[in-house]
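Beneath this line is the structure, given in structure tokens, with notes to follow.
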Amino acid sequence: MKILVLNGPNLNLLGAREPEVYGDMDLQAFDKAITSRANELGIEVDFRQTNSEDELIGWIHEAFTNKLAVVLNPAAFTHYSYALRDACAAHTSAGNKLIEVHISNPHAREEFRQTSVISAVATGVIAGFGLDSYLLAIEQLARG
Amino acid sequence: MKILVLNGPNLNLLGAREPEVYGDMDLQAFDKAITSRANELGIEVDFRQTNSEDELIGWIHEAFTNKLAVVLNPAAFTHYSYALRDACAAHTSAGNKLIEVHISNPHAREEFRQTSVISAVATGVIAGFGLDSYLLAIEQLARG
Amino acid sequence: MKILVLNGPNLNLLGAREPEVYGDMDLQAFDKAITSRANELGIEVDFRQTNSEDELIGWIHEAFTNKLAVVLNPAAFTHYSYALRDACAAHTSAGNKLIEVHISNPHAREEFRQTSVISAVATGVIAGFGLDSYLLAIEQLARG
Amino acid sequence: MKILVLNGPNLNLLGAREPEVYGDMDLQAFDKAITSRANELGIEVDFRQTNSEDELIGWIHEAFTNKLAVVLNPAAFTHYSYALRDACAAHTSAGNKLIEVHISNPHAREEFRQTSVISAVATGVIAGFGLDSYLLAIEQLARG
Amino acid sequence: MKILVLNGPNLNLLGAREPEVYGDMDLQAFDKAITSRANELGIEVDFRQTNSEDELIGWIHEAFTNKLAVVLNPAAFTHYSYALRDACAAHTSAGNKLIEVHISNPHAREEFRQTSVISAVATGVIAGFGLDSYLLAIEQLARG
Amino acid sequence: MKILVLNGPNLNLLGAREPEVYGDMDLQAFDKAITSRANELGIEVDFRQTNSEDELIGWIHEAFTNKLAVVLNPAAFTHYSYALRDACAAHTSAGNKLIEVHISNPHAREEFRQTSVISAVATGVIAGFGLDSYLLAIEQLARG
Amino acid sequence: MKILVLNGPNLNLLGAREPEVYGDMDLQAFDKAITSRANELGIEVDFRQTNSEDELIGWIHEAFTNKLAVVLNPAAFTHYSYALRDACAAHTSAGNKLIEVHISNPHAREEFRQTSVISAVATGVIAGFGLDSYLLAIEQLARG
Amino acid sequence: MKILVLNGPNLNLLGAREPEVYGDMDLQAFDKAITSRANELGIEVDFRQTNSEDELIGWIHEAFTNKLAVVLNPAAFTHYSYALRDACAAHTSAGNKLIEVHISNPHAREEFRQTSVISAVATGVIAGFGLDSYLLAIEQLARG
Amino acid sequence: MKILVLNGPNLNLLGAREPEVYGDMDLQAFDKAITSRANELGIEVDFRQTNSEDELIGWIHEAFTNKLAVVLNPAAFTHYSYALRDACAAHTSAGNKLIEVHISNPHAREEFRQTSVISAVATGVIAGFGLDSYLLAIEQLARG
Amino acid sequence: MKILVLNGPNLNLLGAREPEVYGDMDLQAFDKAITSRANELGIEVDFRQTNSEDELIGWIHEAFTNKLAVVLNPAAFTHYSYALRDACAAHTSAGNKLIEVHISNPHAREEFRQTSVISAVATGVIAGFGLDSYLLAIEQLARG
Amino acid sequence: MKILVLNGPNLNLLGAREPEVYGDMDLQAFDKAITSRANELGIEVDFRQTNSEDELIGWIHEAFTNKLAVVLNPAAFTHYSYALRDACAAHTSAGNKLIEVHISNPHAREEFRQTSVISAVATGVIAGFGLDSYLLAIEQLARG
Amino acid sequence: MKILVLNGPNLNLLGAREPEVYGDMDLQAFDKAITSRANELGIEVDFRQTNSEDELIGWIHEAFTNKLAVVLNPAAFTHYSYALRDACAAHTSAGNKLIEVHISNPHAREEFRQTSVISAVATGVIAGFGLDSYLLAIEQLARG
């Protein structure tokens, strides 16, 4: 099984940006740890990051076309990108899996972070466990 | 007369995505039917689609610069892209035409689809007629 | 094919009332232009206006009973008449067509004009093209 | 004892309109069943329907003048007709009875159906029992 | 000068309905007192009441056509009749006068009575003085 | 047929608490009158009261398991107990009956009493008739 | 009879400030016209203006103590001064008269001008007639 | 390591209640699967269910006192039980772990299910994976 | 005089839970200090705590039946328990005293803590003084 | 110890204004009773009243400069004076005490009285005990 | 050129009040720095502070009468003083300049500080630069 | 010192678009004037414009990495781009400077322009001075 692990805007700053919120591992370390765990479970991971809504939508379309499961950290797009939502809805309404993950717990932060326009069309949501949010998502996909 | 027919995010999935909402014609079929009808009316059509807000804004600017009428299906950008709105406002406040079209009737769907940040700066709105929403817009532009 | 073209309150003042918003053609001119275009398309038009919610509901019921397509400009009833909405819902949920039209673009006017209690139960919506909003609706019905 | 059983807009379509919501009995059958049950209880029923807010208000005034109890299904007027509310308030604040009935349960339907401008000035409310909503109201009036 | 004094729904119950709010004079007494005062000021009064939104709109249209000043007590229509508002707007935006009057002070009553959809298009508003609200309006029109 | 008549918090104070709102009959008198009327109709009544959300949920579960119809006065739980709602939803979505009753008319009281989280999952609602609200519910269940 | 005519903040700029809204008469001219009209009606007027909430409250207290009727143009205090409201409430709840007047029609202006915290405790409200708003108030007080 | 797996109201109906939402496994099967997986990971599980807010709070206190990690499915308490929230806050603010789990994805259901008063004080949230929501939580606790 | 001092959910954790908010005295110390001060004032105190809404309501009923004054710290029930409110309303509307106390100042904390459904039916409110909030309440009851 | 007892707008009318809400003691009697009680406790009281926001802010500044504890009845300023709030915040954030008192219970009165912009920056709040609200505040300050 | 630099309530406490928000320079130091910089630019500054809305309005009127540019730090009046707004609107709508300045960035502080009733009628807004907010405003006025 | 001056969507149309709002200078003229003024102050300016949220975020990241101060006109992104906000927050929370500028005063325009999702994480805000908004920002950065 191959899956896409997709990361939204500003996650390229991981480790450098507000470490008290996001921790001090950088995105390369995330990629490595996730890929390593996925490989143990027999899953091939394509790990990507973009600040571009457009590119992120394209990746969801790629997953849709190829029926690949997706682990998505939509970052700030969570709160307003209905375009991303529509892409995710196309994907999951066709029976594909898409797990929304968050590094920190959005409900414990600013008011605006408590609105997700993505969650309603995600298969499930995992939030608050740092890197482990991704690992749990991978393990869930491995569970089948 | 030459016009731009511009399509926003996820419309490249037309025919493949949620056919009970969007029908089963694909975007190429839309292009062909619209171009064919436009040609009958002596209108040249430049039919485009993008998932990129940036690219869509650029196309509106191109229409603005060249004083071309626009048929715009803003798709999910309808609900939040004030940047697209400002581009449309520049276009129509200069006396150019821009018709907002929707394939399905947004008012008959989710709550969030009932807010349009574009409509207030469009020349007019046509929604709910599938492909025919575009054809009506073309015919209206042909009417002059 | 016979259709009803129904006009709500204050539209009898067309041409006399706020011409900068509604133009200076009067309702008789609208009737004539619409009937003429409809006849070209082989459609018989019954063009009516009323200030009465009750009478307008009755006309929708007449269309419902006779399975006639409707072009409806609900005027100010758009914003509050749930009774009219229920009549329209009875009509369209039985598979009949009802196109909501507006002369001006309500989204470009006062805040309260942006709420439509009718749109969710209409087949489609056409707004902002003056008389042409009606002609487009007729042409769409002619398209079948 | 004589009472008025008053029905608001679109209820003349009963049996023909959205039978999955309103059932397939028509209004004549309602009249017959209600009158029959009322007669058993020694109550004379005047059963009426109108799509007209004005006529409905007039009937409430008639009840007010003659101190007749009322069973009222305000249908869509429930949600916005403050004019009907004022008529009902005049009636009940003078010590007369007015029971608001609904065929279906408005709380199990669209959001807007959950607001009643009538309930606050009704003697009581019975909703969700189809024809039986009326019969219960009649029986309650018979109870005295 | 001739003016129309127009009264909305339930005002025919004046004197009989909730006298602690509306006083115990009936509408005929209002007509008489208003006409008498108007005649002193050289004004001819046409005093009318209706429970019908439709009829009331028609009377505003009559005033519009004949450029007559209007004293309007919209009663419960105050709070929701955008159709009546549009009629009043047509009248006043053409430079005619329309004074909105209320017998009691709506701000001292229920929450919903504090919203007026009419006031924004009225020449002015006089509320809270019982019969005198009308007399003040007449005197203001007499002032020219 | 056996049914449960379930009463929520503070109803044990009936007759002693705010008699101008709730009347001066106590809960034992309610039980007696309801049981008596039910017996006449061949219905066995199990009449209970609790201040405990937990116990009330347990009783709904008991009804669910045994497919017993329920007459429920949720009292103040009406306004916030989503746990009770979920129990009722389990019951009615399985085709069982549950009638929500209220002694007084909540719409004629404080603002917060106008929100019911229970009504949307009840079979029907009867409010405002004092003890008779229960009797009507019993009679409706007897009607089958 | 002696009355106080009290004017709130910025009314000292009358005639100089935004004449398209407030006209070009200055406050001295208002005083003169109002006093003149009042004297004709046998009323002594004490005409005052202040930008100070404190001073305005003191004047209402003075009226309260001496049981003088008040004509009050609260100007911008209309929209937020609960302190002024409490003073007015003390005055009118003791049976004294206080008429709220406005030169322009606040409902035809900005959104925030549509909220009055004063109206609910005023005897009545007169708005939209320029200087005549005051004269009407004086005449109403003269009427007794 | 010993942990508490705590289940809120109506979860005792699992398997019997709305299986299209909650699946057809019952709570005993959940207990067995969860305990089995936990044991593999060297974790002792104390699996409990209650309809009582009070009892659930007591269990959180027990975990707090004994510094046990908690997996909590608050069910309908999610949406309003600030008392449960305060218990959870006491627990997590002392450095203990509490993972909020949901069987179905609340964001894909009714509006009211999108508000969680618990999430802001939980360590993390896992929703939408049925039984696997619990297993993921267990695995995350095992991860340390 | 005997009074009840009643404490709501999670107050059994006092001293152990978030001491920066609630201080480090435990509930036994509160009981002792309050009882000691009450005894000085000739008041017998029955000091209780519960996490159960049901039990708390029962205690208010006990006070109601025996006409005992109550000092109530409703803790998190403050924000949603309309059932507790109804119990308190029964108590105070019968002329009994009930003082709502809070250890910390809810207005200086999270948004949701600023809504109290209890305050409107309490005799008075004392908040923000730690243990002293109770002592002040006792002293006020002693004052008679 | 010396403290300031500060009273906001309209409290000079105490005893004369709405005695059913505020009682019939006048402010001089309040001063006397409060001073007398304070003296017993070895506290010197400076008791003042003003209708002026400006003067009240100045008094808070005086307390701030001299590190005096304050008992403040902000009266209607409670609901909107952010300027007074900022003064109080300066005072309490520097570690000084300020107790907000109210004669009546604002939560049992009009909706707007339930918002306090002061409470969040007060040390504590005491409301609903008439004169005793002040005495309790004094006693609390005496407690140290 | 002469300008007024006007400071609203509590700014006299600058340097003494919450230095982590407002810095530790006092108002005299602000005056000196601003005057010094203004003099370099050939501008005469009249620097004032008041806690009085009334006095501040008077100063704006003075600027209006003398056509002086204004630098205004409205402090807490920013959030509610429509009276101050009306004074500012009179000033700027006559073509005079008024720059709103804030020492700290209100958007980074409490929710209520994000509403400004002044900004809509100011020439421009400068916020967040401490003393430099004033200097920038002076320099902008110098620029002409 | 080198700084980035970054311009958001549609600002490439400056001079051509709605000149009554934005003036008739084009962006090149802005660049030239800003660079010229910056050079005088010894600041090197890199002036850029993009319609792409993605590119703009990248530029903020570039500034973050190189610790460059930023002058940002986010244009329509101001109102919804939480992705841009997160980039800005990363930048300023690391102690770098970012000044938000606007050519026109957003508070004097449409309602939606009054919400900024950027301001809370900006160092400061300057709005309403046309080109000078940028010059002031440059001068402030020069001030150090």
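Which chain is which? They are A, B, C, D, E, F, G, H, I, J, K and L, in the order written, and residues in each are numbered from 1.
What we mean here is this: contacts are C-beta pairs under 8 Å (C-beta built on N, C-alpha and C of every residue); 3 or more make two chains touch, one makes a residue touch a chain.
None of these values were measured; they are calculated from a predicted model.
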Next on the checklist: Looking at D-F, H-I or B-C, which one is a repeat of the A-L interface (more than half the contact pairs shared)?
Outcome noted: H-I
Item to check | Chain centre separation (chain A, chain F; CA means) in Å | outcome: 47
Item to check | Computed distance of Cα centres, chain L from chain D, in Å | outcome: 62
Checklist outcome for this item: Whole-angstrom distance, CA centroid of chain C to CA centroid of chain H, is 54
Checklist entry - Between chain E and chain H, what's the gap in Å when you average each chain's C-alpha atoms? => result 62
Checklist entry - Where in chain L do residues touch two or more other chains at once? => result 52-54, 80
Checklist entry - Okay, what are all the chain pairs that touch? => result A-B, A-H, A-L, B-C, B-L, C-D, C-E, D-E, D-F, E-G, F-H, F-I, G-J, G-K, H-I, I-J, J-K, K-L
Checklist entry - Tell me, which parts of chain F touch chain I in their complex? => result 8-10, 12-13, 16-18, 50-55, 75-77, 79-80, 112
Item to check | Parts of chain G lying in touch with chain E, wherever the complex brings them together | outcome: 105, 107-108, 116, 119-129, 132-133, 135-136, 139-140, 143
Next on the checklist: Applying the document's contact rule, which stretches of chain H touch chain I when the two form their complex?
Outcome noted: 52-54, 57-58, 61, 64, 80-83, 85-87, 89-90, 93-94, 117
